[in-house]
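The following pair of complexes shares a single chain, subunit A, combined with subunit B in the former and subunit C in the latter.
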Partner chain A sequence: TMNDRKTIDLEQGWEFMQKGITKLKNILEGLPETQFSSEDYMMLYTTIYNMCTQKPPHDYSQQLYDKYRESFEDYITTTVLPSLREKHDEFMLRELVKRWANHKVMVRWLSRFFHYLDRYFIARRSLPALHEVGLTCFRDLVYQELNAKVRDAVISLIDQEREGEQIDRALLKNVLDIFVEIGMGQMDHYENDFEASMLKDTAAYYSRKASNWILEDSCPDYMQKAEDCLKREKERVSHYLHSTSEPKLLEKVQNELLSVYANQLLEKEHSGCHALLRDDKVEDLSRMYRLFSKIPKGLDPVAHIFKQHVTSEGTALVKQAEDAASNKKAEKKDVVGMQEQVFVRKVIELHDKYLAYVNDCFMNHTLFHKALKEAFEVFCNKGVAGSSSAELLATFCDNILKKGGSEKLSDEAIEETLEKVVKLLAYISDKDLFAEFYRKKLARRLLFDKSANDDHERSILTKLKQQCGGQFTSKMEGMVTDLTLARENQTNFEEYLSNNPNANPGIDLTVTVLTTGFWPSYKSFDLNLPAEMVRCVEVFREFYQSKTKHRKLTWIYSLGTCNINGKFEPKTMELIVTTYQASTLLLFNASDRLSYQEIVSQLNLSDDDVVRLLHSLSCAKYKILNKEPNTKTISPTDHFSFNEKFTDKMRRIKIPLPPVDEKKKVIEDVDKDRRYAIDASIVRIMKSRKVLGHQQLVMECVEQLGRMFKPDFKAIKKRIEDLITRDYLERDKDNPNLFRYLA
Partner chain B sequence: MKKEDTVKLISAEGFEFVVDENAAMVSQTIRNMLTSPGSFAETQHREVTFPEISTTILEKICQYFYWSLQFASGKETEFHIEPELTLELMMAANYLHT
Partner chain C sequence: PEGIETLCSDIEVDYTDVRILMLAWKMQAEKQGYFTLEEWRRGLKALRVDTISKLKKALPELEKEVRRPSNFVDFYSYAFRYCLTEEKQKSIDIESICELLDLVLGSQHRSQIDSLVQYLKIQNDYKVINMDQWMGFYRFCNEISFPDLKNYDPELAWPLILDNFVEWIKEKKS
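== the complex of A and B ==
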């Protein structure tokens, strides 16, 4: 039994163990040996067990622990190291892998035989466990001596593979696994003894390559090479490097290939970023994005060049339009014409093109959205031929939305185009100017029944509302609603007339009642209405008073139209004219011949208006009046008479009166509104801040108003001065740059 | 019971106890031996002799193996040890790392 077993003497016991150890070594060396039987195993285990559980002085735990270690040390120094020392390069690596595998087997076996030591002894003495002792031996004797040589051999193979040679990847993986495993849980050996040098070598390798490529290759070719290298290095990691090396390795490669040469690459004369953009090389640009997005701040210069490119393309369009415009005939100078239409179209196309670039090549990156925006802001605020971009855009919309407009598009295309126009509006700083022009043209479309499609009108207002807010479109929406109400009102008026036959003026009258606040302001002149029309006005006024007591009607005759019959000798014809034109013509019912001056005084209109009127009736396509002398322009000494002989093949003709250019008035109105807006903004800011410095006040003012327009610094200064005189603010006594709110 | 799933444990007196592999591996020592790399052809020997463990003790140990498996799977009963066997059993348990 266990109690009365014989004491094993150390030497004796060790002799027995040594046999087992030798057998194990032989098996590892490949010498002919039988396998361990279960009996062998148990005998070895039991021997150790017994020698450790014997009573002192025969408990040999310490000695056995030492001998365990020495077994490894002997084997390594006598057999393993010599065999490794005599080999080199790849052969040495193979031998190392074999020896390491063997060593692990040896550790496993021996630690099992000696297992009893692990149970109590090592804990009691705070010693490393058997497994660790075994590995440490290999580390301290073999790894310590050879790791540098191994490292160099591995790196050399890696460089060979980089040059295109086939290497044994499995071997490298096994070798690098040793670096990892020898750390026994830590990566410090892998990192310090291998990775650091490998990274250094990699950097040097790619530095050499890059210095050649940058001279020989075009930018796209270089980028292709760089991309391929990165791909291959990534694969390298998956084949035999440890995964933690990936980011560090790629960073080195990116640094040497891209960061170092970034500027030279982008600015390459005929193949750099500028050239790629110019030649629409989307594939190359996509690659450029992919590569430069990986290096710190890599995309900044690319976005900058993109912005420059788009700006110059846009500016070229502006110049093109300017040049075309300057070739126009003198009298058509102020009117927005074909060239400007084309210009807006081209800007839209430019935007479409480069937005696609931002989305596709540049993966929707904010830097590029920003670049696009800033580029467009630069040239979109340049006017063409005296018309601001706000006006051009409003005119463009007008052409799409009016009947017989120059753009003939399908419903879908119209929707799309309107969408894009609204997007362009975001780049224009004078949004309020656009709103005013738009409103003026909308009024014209609505009042002269020139709107092509109600749905489109509403649709663009919705889009504008979304982009610029409800305040932007509230008046315009009011205008559209007014028209609907006006139609209802007209129906009521006609009912009133049929119920009151005495009130009937004898002329068909249609009145459109507008809400003043919604519509652009129109100068109302005191036109001397012909008697027939005076009656109409009275009748309507009576009707309207019967409906609403507290409203005042202001008549805008300049917007009216009139159908009158001209009893010409050849035949009677119906003439569709403006109220002003009708009033002029009706003068000739009473007189055969009138001088310019007489007409002016009888109509009670301005010279500008009269000249336009008479021109449309005597010097244009249809000569309803005869002019003496028969020149092409109206002069104050001219005389006019009714042209009885006038005729046309049609029964009914429209005699157009070219509209006055609204540009000046619109700009005036907008400037006035801006002054109020600046005032309100300054007061709002000062009321909440109480005391504020000049610089700060200006800055906040600009920010507040930015959504609608970019206020001029001088203008703000002027308004501040004005508000001071009106006692809203005061200047600080000691600091002239400080303002105080006066409650 | 299939031969592959069993182990034969032999006492000092030569008594053979054939037990389930799972039961035998309750002993860490036996487990280590059975799972050592390569050298044991699984179907070959699979018998272990314990020249220092008596039949009585070895029998008790085998009982312990089975009890231990049952205890681990939820059947929490008591394992009774005759007092006169205690010392030897503990020493054998130490040896077998059980």
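== the complex of A and C ==
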């Protein structure tokens, strides 16, 4: 029983414990010893228990606690430290690992023997637990003295591995585990006593390497080495470093290999970024992206060089087209048109090529999308041979969409090409100019039945709508619809004629009624129609009035075509001509010979028109009229007569009338529309803001109109002044830079 | 107009002299070439004179008064309005503007006015000048250092004609 227990004297009890401790030490030292039996263990445990639970003054808890710690201190100072001190480098590391493992075992066993202290004593006195005491001894005596030496040995091995030697990775892992475990839950020992120096050494190591490589290696080779180094360092972490070291380690390596030498690397003369782009080194560029995306702001210079490269490639295309155009000026106009077609094609190809780069090499990164966009905006707004890029694009579309166009492509290819053309439109600032040219050419295609494929026409309008908004395409869509309605209308007209035979003018008449607002503006001249046609116009007018009231018909004869029979001496032939040409020819039914002046006054057209007409009929391929004198150009003193000897092997020929150059008019119309647009925008802005400074007004105006065109700064100023004169705005009395809206 | 001529010879001032204009301003005369009785009375009362000779003597004082900065702006814009002869007329032709500029600003800003007048005569963008531009000329003479034009900023709300004027001067220099 408890009362019968014999009191154990401290010295006595400790002598007994000491035997157990010595046995344990022997086992750890590898000396021949039997294992502890469970009886041994019980005895030792109970001894402690008893000595702690004895009545004072024989309760020896404090003394036992102290002696527990002293056991470690003793062992460490007499045996462990000396053995470590006599070893170096790798041998020292191995010894340390062994000693640490031993120590942990010792702590485990001794704390089991002394366990009773853990139960009440340490809590009562708020003292560290046995386990902690044990580890702390090792830390304060062994770790404290040796950690610097250990650290240096480890780092040295790491550097050796970097140089390609084989090292014992498991050993390093075990050593570094000590740094971690010795922190007892905190990473501060690992970080301060090992990691900091390791990082510093790493930086120095790679700094040396980089300074050599940058001089000797080409950019791709250097990058390959850098990538390999980063890969190996990452592996190093998984092999023996603590995982928290990874980001810090990689950051150091990236800094020394990439950040420090970024510019030199990118700008290497024959192998830098420019050269890689020039030589289409896709692999190397992908690597460049991967590496530079990791360093802060690393991609900015790469994107910049990319942008420069694309811009110069594009600008070279422009120059190429310009040169070709100026060389071919002497030859036919069509050939110049070819150059422009080729130019647009090449720009599309350039875009495809570098968009692929952005998607593949540069992983769709926004910086590179932006660079591509800005590059294209630079050269896509340069014209070629006097034609703006807006016009070039519109002409390109026309060639794809019209019958007999220069592009012979499959349906699929056409769709694809149209898609790409619309994408290019995004880079052009004068989108409204494109719209007007496109509209003009669309009108010609629709009215002269030159459109190759209705589906394609609608398809491109859909794409344009998606890209530029409904307002952009509403008129064009109206034009296409108008034609469908016109066909219906024509059917009704023919029905009307068959129901009213006396109304029939005696000539087959087809009328296409267009909604004015949708179509480009056409000047309607007061052509003196031949009598036969006058009747046609009257009849149609009657029909139309019967169908709809409140609508005014304006006749555009310049857009009409006519089939007339020419009774030539050799044979009668059918001539397909424009209404203007027909009117000219019919003059000769009444007179054999007419002077230029007479023709002008009888037709009631402008000189420009008459010259063109007469040229097409007397100086071109088919000479329907004889001209005196028989020169190549029309002059006001010429005389004309019907060429009854004319013939051709065909029964029916088309006599083309070259269209007037619309370019000037288109630009004029667009400028006019822009003036209105700027006015409307200014008024809109001022109406909502009431008072606004000049610079702000200009800025908002530019932003509002940006979708369609880039307003000229001076043009905006002029419109503001105009609006002041028209009392929409006024200048503030005290601040001339401020405007007020006048209601 | 004949009356004005007589008046001018009486006070020994040429009718193209700026002081006649100043007198008109003092009277707040509405129509160029005419002084109504009321305007006449108003002017003489404001000048505190009742004889021709006193009027003549009061002219230097009048000139000083007009040239005072607080009055001059008012006088300057009055000068423009005074030249609008037709109803609903809002602008004045270039030729007349040049004369008016010389008359009103010539003495104080000789080099600017000479240069500006030269430009106005050769440019083609504008055939008439409106009030806003007219007032702009005055601000220009007062605020912009000449002839270096260092503090002129075309991004501000200067009338476009002055932007073009400045460009023309800079081109001439180089």
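The criterion applied here is as follows: the second predicted complex is superposed on the first by the 734 of 743 C-alpha atoms of A that agree within 3 Å, B and C clash if a C-alpha of one lies under 4 Å from a C-alpha of the other, contacts with A are read in each partner's own complex, and residues count from 1 in each chain.
Note that contacts are C-beta pairs under 8 Å (C-beta built on N, C-alpha and C of every residue); 3 or more make two chains touch, one makes a residue touch a chain.
Just so you know, these numbers come straight off a predicted model, no measurement behind them.
Look at subunit A after the overlay: subunit B and subunit C fit there side by side. After overlaying the two complexes on the shared chain, residue contacts for A:Lys523 are found with neither subunit B nor subunit C.
Using the contact criterion defined above for the overlaid structures, shared-chain residue A:Ile724 touches subunit C, although it does not reach subunit B. Judged by the touch definition given at the top, the superposed model places A:Phe739 against subunit C, while subunit B stays out of reach. In the superposition on chain A, A:Lys690 makes contact with neither subunit B nor subunit C.
Vectors from the Cα centre of subunit A to those of subunit B and subunit C enclose 130° in the overlay, to the nearest 10. Put subunit B and subunit C next to each other and count what each touches on subunit A; the higher total goes to B. With both structures placed on the common chain, the touch criterion links A:Lys710 to neither subunit B nor subunit C.
In the composite built from the two structures, the nearest CA pair linking subunit B and subunit C is 86 Å apart.
Listing the residues of subunit B that touch subunit A in their complex gives 12, 29, 32-33, 36-41, 45-50, 52-54, 88, 91-92, 94-95, 97.
Interface residues of subunit C, counted against subunit A in their complex, comprise 90-91, 130, 132-133, 135-136, 139, 155-157, 159-160, 163. Those residues of subunit A lying in contact with subunit B across their complex are 1-3, 5, 27, 35-39, 41-42, 45-46, 49, 53, 105, 108-109, 112, 115, 119. Here subunit A touches subunit C in the complex through residues 694-695, 714, 717-718, 720-721, 724-725, 731, 736-739, going by the rule given at the top.
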